[in-house]
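The next part holds the structures, each set out as structure tokens.
In what comes next, chain A is part of two complexes: it sits with chain B in the first one and with chain C in the second one.
Moving on to the complex of A and B:
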């Protein structure tokens, strides 16, 4: 059992490893010119330089702060809207069409207006991120609450539960897995958008480091940026995933049956 | 003194609306159930048994006719009418103990704990308090659902094929248990079943339904002394009478299911 799990994880590493070897081979022999794609070793050195000079940490801190605020703002408002629409039919009738309309708009389409309204400083970035984070959170919360099986609600109707007990006994436990998925989607969206926002508007941040590096043709720095973004995003999702298993793990398997 | 819990159903019609036309599911149902009676409803699949039960529970609205409890029209579900659904409907995120305690006002109190424990013992689930529904077999889940429905001492217990998922031996054991619970709690029970023997062993009256639309074809009283002898002559006669309603005949009554 344990062995099988480890084996399955190892399978996922095979192709990345092959790609890495190919990358190393093609770049170190300069079959691909270094201006287009730097060699792994160069990347590693550049990363080490950025790391030891403190530049990377400083910019990461800025990006993560923005993600944090944007994520919180988006997740909370999305959760509130989703909950309100899920629990109260009139709210759903009034707001769901508007929400469905709003969510068709790619978040990047808001950039011109957001800049016009908020300038290009922190508020722009945070609000931009929260727009993106808001949508999956509202959607998944609504979905979770709407998906509460009617058969369970009938059981508690027979027991004459008050609304609070219905909420606590049936709705929350039943909707939680979906809400938790919403949270994860919301965080990864926020992380993508912070890079987007920083590519657009100057200031510190990991995206901005990449913009500047591209202008200076420092492809190695750009690539370090790409890898750091990937690893951070991966790590954030893993952490949320672990928290989810920790708090809902049992729960999820029970719901799944 | 007259006891409470008389259920009267008068000229009950129930239609379900499908795309264009209405589907008449129950057609002119008339039935009176005295307090403390054990009634079985038997009939082919899709004849409207569950629909009837849901109407009596108060979960289904929109019908013609009257459903009266002690002369009062029903007004939605109530703690007084417990139900064991055809699918057991245990909440997957609650332990068996908590599921069984769902019908209690304050499930954490010492008294509630004792009641829960008693009911778990009653259905033979002692030792499974901390288990979750997905760790139970189908039959165990049904027994847990029975315990949950009984725990708040309803006046009327409605059971929708409560023993359907049990093997023959456990089923016979549960017949004894149900009979014992029914006598001890002095409760009215209305049970849907497909098992003729089960109906005869447990019921005071057997309601035979026919389908499309669902009507009551016949009400067969079972005036046998309890506990009932499945091998007895009278038992066989009543079985013959019930099966005749389904154009089935038997020389020798083993188990027949409809």
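Moving on to the complex of A and C:
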């Protein structure tokens, strides 16, 4: 059993490994010109440079702060809307069509207006990120609450539970998995969008490092940026995933008893 | 069997369409890039005469080459990218982008250079900013990676500041002009056209300052193109020098001619006050140019704009085409070499 899990994990590493070897081979022999794709060693050296000079940390801090604020703003407002629509039918009837209309708009399409309204400073980035984070959160919360099995509600009606007790013992526990999926989607969306926002306009941040590096023809720095973004996004999702299994796993097993 | 015949048929038709038709068979074109994005998509000075007199078109007609002029909105950095992906053969752009490109591994050679370009530090007309020192903490618009980026670093350094003391906003061309008019940025390097339109005033200018603040623009060629077509490069440089020669004959005429780009005559006169026409048309990569290249590279390095400095003298400059052209055109003594301060070196 354990062996099977390790084997499955290793299988996922085969293609990245092949790609890495091909990348190393093609770039070290300059079959692909280094100005178009720098070699892995160059990337590592550049990463170390940026890391040891503190440049990377400073810019990551800015990006993560933006993600944090945008994520909180988006997740909380998304949760509130989703909950309201899920619990009160009139709210759903009034707001769901508008929400469905709103969520068809790609967040990047808001950029011109957001810049017009908020300028190009921090508020623009935070609101932009929160727009993107808001949608999956509201959607998944609504879905979670709507998905509470009718039989459960039947049972609590028979037992004549108060509304708070219904919420605490039935609705929240059964909506939680969907809400936590919403959180993960929302965080990964926030991380994608911070890069987008910084590519448009920023003073600091990892996206901005890439814009400047591109204009200064530092292909290696751009690629380091891409890799750092990927690793950060991956790590953030993993952490949320771990938290989910830890708390929700517990919750689920309690629920089952 | 029928399937194979069908496939062969399709391939034959495809080859007939794409292989033999002259339009598709590696079209012969020479592609030249310039930083653009504001003003009209035509050039001033030597390049302007080359264009106006169709010098390249005439020269390369017999070989069947078409000439393509590209004005690239993302300016020098955009020229670098276009050179990297083989969309340009030649380009004429500023000192920082050329050096940054080369430092980033872009395979280009500098064939000629021109000096004496000016820039003015502008603020909106109603701004309270009066000196460079007032820029601290302000939003300064600059084309990141263009020659005014190092210029900005330089004037800040002169005043005990660095690029980190201001907010650098990456903006170029007409976007810059709009942003300064709407007060979205507090300052930035631009042309006198904005002062003429009443939206900006000048708080600092390269005019009348030591020549180290002025721009060096270089004609660069893709190394692969140079290796493949040394003959084309030779004739190309010769025609360009011809254009420079025409531009160098009469300063008043040339400044008037330069208004074709959309600049005002009086602005051209003000910008070039005190500079001889020989100076602003001189093409040699002489001691002055290489010294200024080195200085720009050092400023760029100190401000984190170039990460890997390289030896400017070695492996980057190729003056042989220019010298051959000057000789063929009997212009070897038409332009002097200049020293660091921009004074002609007497032979």
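As a convention for this text, the second predicted complex is superposed on the first by the 249 of 257 C-alpha atoms of A that agree within 3 Å, B and C clash if a C-alpha of one lies under 4 Å from a C-alpha of the other, contacts with A are read in each partner's own complex, and residues count from 1 in each chain.
FYI, a residue touches a chain if its C-beta (ideal position, glycine included) is under 8 Å from a C-beta of that chain, and two chains touch if they have at least 3 such contacts.
Since the model is a prediction, treat every value here as computed from it, not as a measurement.
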In the overlay, answer first, second, both or neither for which of chain B and chain C A:173 touches. first
Of the two partner chains, chain B (first) and chain C (second), which one does A:34 touch, if any: first, second, both, or neither? second
If you stack the two complexes on chain A, which partner ends up touching A:152: first (chain B), second (chain C), both, or neither? first
Once the shared chain is lined up, is A:49 touching chain B (first), chain C (second), both, or neither of them? second
Once the structures are superposed on A, label A:214 by its partner contacts, choosing first (chain B), second (chain C), both or neither. second
Chain A contact footprint on chain B (complex, rising order): 57-59, 76-79, 81-83, 85, 87, 89, 91-94, 102-103, 132-134, 152
Provide the residue numbers of chain A that touch chain C in the complex, in ascending order. 33-36, 38, 46, 49, 55, 119-120, 201, 203, 211-212, 214-221
Which of the residues in chain A come into contact with chain B in the complex? 151-152, 154-160, 169-170, 173-174, 250-251, 253-255, 257
Once bound in the complex, which stretches of chain C touch chain A? 74, 77, 80-81, 84-85, 97, 100-101, 103-107, 143-145, 167-170, 184, 304-307
